[in-house]
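Below: a set of structures, written as structure tokens.
What follows is a pair of complexes built around chain A, which joins chain B in one and chain C in the other.
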Partner chain A sequence: MGYRSSVDIYTEWDIVAARQLGRNEAKKTGFGTVDQARITTAISELARNIYLYAGKGKIEIERFSENGLYGITIIASDEGPGIPDIRKVMEDGFSTSGGLGAGMPGVKRLMDEFKVHTESGVGTNITITKWLR
Partner chain B sequence: MNKRMTEGINQNIDVIIERWEISMKEEKGKNFFHFMPSHLIEKTSREFAALMTSNIAEIDVVTPEKLNDFTEKVVRFGWSIKFVNKAIDNFSRIVFRLLEEKDVINQSNLRSFVTIFENWISSLRENIIEAYSMEWERTVSLQKIALQELSASLIPVFEKISVMPLVGTIDTERAKLIMENLLEGVVKQRAEVVLLDITGVPVVDTMVAHHIIQAADAVRLVGATCMLVGIRPEIAQTIVTLGINLKDFKTTSTLQRGMQEALRMTNRIIVEAE
Partner chain C sequence: MPQEVGKQYKELLQQYIDNRNEEDLYFGQQFSRQFIEKKIAPEDVISIHKTALAEVFPDLPEKVMYSFDFLIEMMIHYGLALREHQSLIRKQEEIQMEINVAAKVQDTLLKTKIPDFEGIDIGFITEPAKKMNGDYVYFLNDDNNVASVALADVMGKGIPAALCMSMIKFGMDSLQGENTSPRNVLDIVNRIVEKSVDDSMFISMFYGKYDARDSSFSYASAGHEPALIYRASEGGFTELDAKGLLLGVQPDVDYEERSVMLEVGDFIVMMTDGVTEVRTETGFIDEGLIKSILLEVKEESAQSIADTVYNRLLELQNFHLRDDFTIIIFKKENDLV
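Moving on to the complex of A and B:
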């Protein structure tokens, strides 16, 4: 059971807004500065991917508690082209835009849980979670 | 007709304001006015009512100047456009009802009063929307300028050593500017070591890192060395976890350390005077 807030991603500045929201929510959950930076950076990566590859989409952030454990879940969703080869994308250094190609594998390492749902021509949905320890 | 309307309003202005305030407070609970201290609510309400009615009094001769005057003042109240819209709606509705109660408006003249109200409100609304959008455009363009002024400049600190302090979010446009200023400055200042200080950058994601790496490479191409300084511990950890390779250039946690290193690289040291 959680409280969910969201930011629509249309412009580069919406990435900043999503990040800001993420940092605030992470703080409220009780994460320290290092985890705040990890969560904020992960949001930045996913929001920028939406902006760059899907054009528009949404970042949703939810704080939750489960059996006395607290955490934060972020859902990045878009109705863009989808990711044709998700295995390649999860390897370090793969980019179709001349970028570093470290975003997706990096986000997976920054967070505790990482789930991708993507379908060609339908869109991409990425759900990431970090637990408070 | 307008004269009777104005009279009707003026005689009952206190009732109108009171009803209007109640209606506005009901809109969104008490939150609608919550950002205003109560004495200001009272004062602003009266001012708003006066503005609204002055506008009707001149309904036949509403000059653009009069309208602009009105909108300018309303915009200055600092209300949101949604609130202003509601305020105008409620005000006109309450006035209409009251004039009906006082039999100023009745079956026989209803039609012409509806027209008067429509003209009154629609011109107000159009002007309000225009005034607000102009205000927004102005704010946005001012902020763009303010941001550009914040943007990176390369500062020569010692002979052969320059510093570029980066503050704030780095977007694509700023990244371009950083690169330009960096290269231009290095050549002009004959810098041999450049310290790129990211203490003030809130988030270093792969895009920012990419821009920094490209900038460092470009600096190398014009014959100087780029150092990345001001890497906070949490940023250092995040960069490592992302798997970004910064091994190709020097990094330090603080500007101070970077400066010592830069002096060493240019064969100089700082000594205390006797």
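Moving on to the complex of A and C:
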């Protein structure tokens, strides 16, 4: 287990706080400017989704090392309505065509690992990871 | 590899700053192709630029350098949009390949053989507007004296029309052994279509049957475009139309059946609305145009008549078909002895 910190998402300002925390942690892990921006963008997208679709939730950030490799993991969780058609949401061109930003495929591209668990009426949990190379 | 790219970029940048030649810009652009090939994202390009700049001008104010961090942030979504675009292009290629395969399947499914016997010359052409055809032509050759044809037009075009049309094919296949009078054929196909197609699909159909023994052509129509008959003795055309509702609207339809006698030199023209509703830049073509083309080539073979009408109308539309296009010609050659 590494060092874990979190930001609760209630308002749009909390998205900025989550971004700030993410950027700092990414920097501490050793990521360069471009990867810092990528990790921050992914956090921003997940936090915005919580704010827009679930109302409230949480972004947790953890730096870790495994077999000498360093990385960062972000967990976005909410107790919102869940994602009704996850296959559609993961399709290119679905969310972006409506101008909603990078969408889930975008978040997936920005990171190395992407895991989503969603249950109707229970909530959504998205875990993303990026490794330092 | 990125370090090597960064080193080369720095050299090109340094050269341009020193000389500001068109040549250096040209080399720069050539170099950018490598970036694309190596899938270097726009935000990475900014980062490479920032690093190179810091080496070329070590004394640049810190605040200027910060501006590149801002620019990197600005480019992240551009990078994502680019990758999404690339992935959508790959997806489109996959769909295109699927459609090509489907069109081949359709071609096999729709193979039909023109009846070939003494006394009647038959020709036809059917061309889809897109890859898959919503027009359908099927010949039946019950015995050596009877040639029948079914011509159906599924409204709309492309894949939905093509899927719908394969059902008509099975309807026709189920006719074996049945009474194949035009009204009976339409009645059977109508019942099949009515059961299997949703209400938004409209299909029209013309069924014609030529009997060489008495030179009669009997026909029935399910809301289809009227056929034309050319009378050699009069040198003019008459419409062949029969009352009947589109296929699949209701289960019990009483299709009218009519018949005409053919003389030597007479021919019948069956078409879909892709022929009659040809549009040019100035609007729909004049009804008389098709007739005048037909008159010009009336002495030629049935296939040549069909091909000529197609080629002329295709040219008029600047080689762009707006709707599936089908034309069938039955031409009486001589009497049976």
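The definition used in the following text is that the second predicted complex is superposed on the first by the 125 of 133 C-alpha atoms of A that agree within 3 Å, B and C clash if a C-alpha of one lies under 4 Å from a C-alpha of the other, contacts with A are read in each partner's own complex, and residues count from 1 in each chain.
Here is the rule we go by: a residue touches a chain if its C-beta (ideal position, glycine included) is under 8 Å from a C-beta of that chain, and two chains touch if they have at least 3 such contacts.
The structure displayed is predicted, hence computed values, not measured ones.
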Combined model on chain A: chain C and chain B, fit or clash: clash
Touching A:Asp92 in the superposition: chain B (first), chain C (second), both, neither? both
Contact-wise, after the overlay, does A:Arg109 reach chain B, chain C, both or neither (first, second, both, neither)? both
Is A:Pro81 touching anything from chain B or chain C once the two structures are fitted on A? First, second, both or neither. neither
Once the two complexes are aligned on chain A, which partner has more residues of chain A within touching range, chain B or chain C? B
Who does A:Ala37 touch here: chain B (first), chain C (second), both, or neither? both
For chain A, which residues belong to both interfaces, chain B and chain C? 33-34, 37-38, 40-41, 92, 102, 105-106, 109-110
Of all residues in chain C, which touch chain A in the complex? 41, 43-44, 46-47, 50, 69, 72-73, 76-77, 80-81, 83-84, 87-88, 91
Contact residues on chain B for chain A in the complex? 169, 171-172, 202-207, 209-210, 213, 233-235, 237-238, 241-244
Which residues of chain A touch chain C in the complex? 32-34, 37-38, 40-41, 92-93, 96, 101-102, 105-106, 109-110
Footprint of chain B on chain A - complex, ascending: 12-13, 16, 19, 33-34, 36-38, 40-41, 44-45, 48, 92, 99-100, 102-103, 105-106, 109-110
